[in-house]
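The chains carry the letters A, B, C, D, E and F, assigned in the order they are written, with residues numbered from 1 in each.
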Amino acid sequence: MEFTHFDNQGNAIMVDVGAKAETMREAIAVGKIKVSPDCYQAIIGGTAKKGDVLGVARVAGIMATKRTSDLIPLCHPLMITKAEIQFVLHPESSEIEARCTVRCSGQTGVEMEALTGASVCLLTIYDMCKAIDRAMEITAVYLQEKSGGKSGHFVNEVHL
Amino acid sequence: MEFTHFDNQGNAIMVDVGAKAETMREAIAVGKIKVSPDCYQAIIGGTAKKGDVLGVARVAGIMATKRTSDLIPLCHPLMITKAEIQFVLHPESSEIEARCTVRCSGQTGVEMEALTGASVCLLTIYDMCKAIDRAMEITAVYLQEKSGGKSGHFVNEVHL
Amino acid sequence: MEFTHFDNQGNAIMVDVGAKAETMREAIAVGKIKVSPDCYQAIIGGTAKKGDVLGVARVAGIMATKRTSDLIPLCHPLMITKAEIQFVLHPESSEIEARCTVRCSGQTGVEMEALTGASVCLLTIYDMCKAIDRAMEITAVYLQEKSGGKSGHFVNEVHL
Amino acid sequence: MEFTHFDNQGNAIMVDVGAKAETMREAIAVGKIKVSPDCYQAIIGGTAKKGDVLGVARVAGIMATKRTSDLIPLCHPLMITKAEIQFVLHPESSEIEARCTVRCSGQTGVEMEALTGASVCLLTIYDMCKAIDRAMEITAVYLQEKSGGKSGHFVNEVHL
Amino acid sequence: MEFTHFDNQGNAIMVDVGAKAETMREAIAVGKIKVSPDCYQAIIGGTAKKGDVLGVARVAGIMATKRTSDLIPLCHPLMITKAEIQFVLHPESSEIEARCTVRCSGQTGVEMEALTGASVCLLTIYDMCKAIDRAMEITAVYLQEKSGGKSGHFVNEVHL
Amino acid sequence: MEFTHFDNQGNAIMVDVGAKAETMREAIAVGKIKVSPDCYQAIIGGTAKKGDVLGVARVAGIMATKRTSDLIPLCHPLMITKAEIQFVLHPESSEIEARCTVRCSGQTGVEMEALTGASVCLLTIYDMCKAIDRAMEITAVYLQEKSGGKSGHFVNEVHL
């Protein structure tokens, strides 16, 4: 079991993916933010009048998928061909779940793009709600599924 | 209970903080990544030879605190005067905890900077370990403490 | 009549504002995009179901105010304390007008931030509507008003 | 008539272009800035001694074409293979016209890159001249021509 | 003799400058690029017709001073109040020398901004001339002088 | 002998590489920083306790390769497939040499990416050591080797 992001002297490198095949790749990452019941109602009741927290957070998440290689040091730049964020609401637990799907045709996967998109989306919800609730918590950010590349289709079985 | 990031028509705005006092502000955010026991050993055993995952992740997290207002749409630009990331190891649960502390003298708090630093730090660990373990999960990202500004000292009591 | 962005050899410089007083500064810039009547209806009818073009464009414009000194070579970095974008609708001419207001306390004005915010907001409307209408046109982007600093209050009289 | 930047629930998405053919694409965008006659003379008389406003603005516009997907939320990242800006002078009306041409081989067009390049170029002229003339106005920013992709050759007939 | 960019466990940190006095700070950094005699002539002969290599490089250097804290991991963000680049020509050795002066009022110095500005300026000359000369060399990049802050006035004596 | 980064009127352009073949390209750039003997010992003795200057500088250099087209005005954006930085130590002269290797499959070379990576790596060493030694000097930054593209294999003979 070895890290691929270090050379054989242990130095961090951006690994060479130049010999890998260019295939269609997709990744779906998810994550949740747990808020107070009052805050949950304020978010969900978002209308044009009250402010569209989820709409702003969606834009932030999509934009963040494009900044991934600026943020994650050893991540390759990629030409994303699709990015979207869907929200799943959990009223019973006052949680908002963000699901970020990213696609590209490239030599390496888009897991980090999807995870970064979900994370920044949730951080944006935090930012917009922090005047109401300071004890919010971001939880369960993980890769749910990926396809494309040599390693093939992966589904996160821990969360099935 | 009202959002401060919308005007009275519900339009997203970057709120005016120009009238707020400039005070010394600090925020501490934490977050964890749960990895497999094998992956945990590989990270913790990181020496110059095997690759310093946490060293790279720390740099990524510190750099991300400086990009916060680029990522979070309604976040004000701030002149951070300090940023640091400390790791707390949880061998019993194979978790790495990142604690990001940010300070600035300004008119608005640095919660988002600390949360963004912790999040990008954990995403970087994910990136460097994903060849070993694809079922990692980022959890419990929250604001632990903040001080400065009108609202005074806040300690997250949920997590005491 | 001399440019201030060049030294006396004609070399471009970021002029020294270090000796200028730090005052509260505000600028309001406006701009319009003219679209086809059908496109106008599609934008204005934007609801959660049909897609909120103006909501996305507003976020883009606000974020762009923070990137101004990255884009405009000789523009000073500034700590914006407020940014907002309001839309004025002109159904008779199928035009959407964006008004971007920016404030900061600093040694130089925020005209460029307001103009950049309005411009990127209008470009984002263009982007989201270009599948419907390719002959849109951005017009009348100018500084409407500014205050603060040695030169005092300015109101664009051409457009009164 | 439907927007392509929203899914069928009306949520903003970066649309999937992964199935589109990779073709050579070109776009030409134009835009003008109207300045006072005195300011026009100062710009046009730009020599090494007096300061090369248009030279700086050209560089800014070219660099901005590369930042387009950072600025426009739902715009795909693209590998631009050419960017240039030409100026057309209109002494009779004291207007400077910027024409930005962008090319790439990709799955989606470069209209937004050309429009962003022209806009930032004009904003830079504004910035460098604002000490002389505060009533300048950016006008007539539009797509003049595009080629490549499924929709083929487009020429803006409104402006012929 | 101890590094200030590590805590007492040796972890990289962005050091706390919050307690330092805000003073006017200036730094001057220099650097040279050695080119072939033919290339030198081509650069120096740069007129509007032949292309203004130094003009483009100056703009790039000034813009880079504003990106310093994005590039240098532990560098504090700063509000630069002045940035300029002057060229000193060395025809006898076919060298172009760039001198970058940066000023700000802040709690930490602007050495890195001046050094980054000079370096990116020289890299831009390299980029524009590499079709003519591939054996160019950037040399003698150092801090020539700085003032402000607790450590007072520094002049690089090695190079007097 | 003509510059390729200007059109025939002498205007700066990002040259059209759309017709060039996509080939595997590699570039190796080197550069050195000369520090005082005491500073050299402090860097080389870097352990987890004392702080890993070279580890942080390596990360900064790798990240900078990805920002090259943001910094260098007429540089094309490229999809880097590999980036690494190796250090060669010169104890006799108290110099640290950084060697940056970059690869991509593209229509234009990666010289600027390698040179930018080496430069930012050395600037980061400077930043981390400037509290110990202010007279450091960056020297001998040049392209050592490149391959791929029409011009074929280049080795810098000046430095053999």
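Assume contacts are C-beta pairs under 8 Å (C-beta built on N, C-alpha and C of every residue); 3 or more make two chains touch, one makes a residue touch a chain.
Bear in mind that the values here come from a model prediction, so they are computed numbers and not experimental data.
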| item | value |
| --- | --- |
| Chains touching both chain B and chain C | A, E |
| Contacts common to chain C and chain F (chain labels) | A, B, D, E |
| Contact-pair overlap exceeding half with B-C, pair selected from B-F, A-D or A-C | A-D |
| Most widely separated chain from chain B, with each centre as the mean of CA atoms | D |
| Chain C-chain D separation of Cα centroids, rounded to whole Å | 16 |
| Inter-centroid spacing, chain F versus chain D (mean Cα positions, whole Å) | 31 |
| Chain centre separation in whole Å, for chain E relative to chain A (CA means) | 37 |
| Contacts with two or more other chains, residues of chain E listed in rising order | 11-12, 47-48, 52, 55-56, 59-60, 63, 67, 70, 73-74, 79 |
| Contact graph of the chains (line, ring, star, complete, other) | other |
| Chain pairs in mutual contact under the definition given at the outset | A-B, A-C, A-D, A-F, B-C, B-E, B-F, C-D, C-E, D-E, D-F, E-F |
| Chain E residues within the chain D interface of the complex | 47-48, 52, 55-56, 59-60, 63 |
| Contacting residues of chain A [partner chain D, same complex] | 24, 55, 58-59, 62-63, 65-67, 79-86, 103-105 |
| Touching residues (chain side chain D, partner chain C) in the complex | 1-6, 9-12, 31, 38-39, 42, 46-53, 56, 59-60, 63-64, 67, 70-75, 111-112, 115-116, 119-120, 123-124, 126-132, 134-143, 146, 154, 156-158 |
| Complex interface listing, chain C residues touching chain E | 7, 11-18, 69-70, 73-74, 76-79, 106-107 |
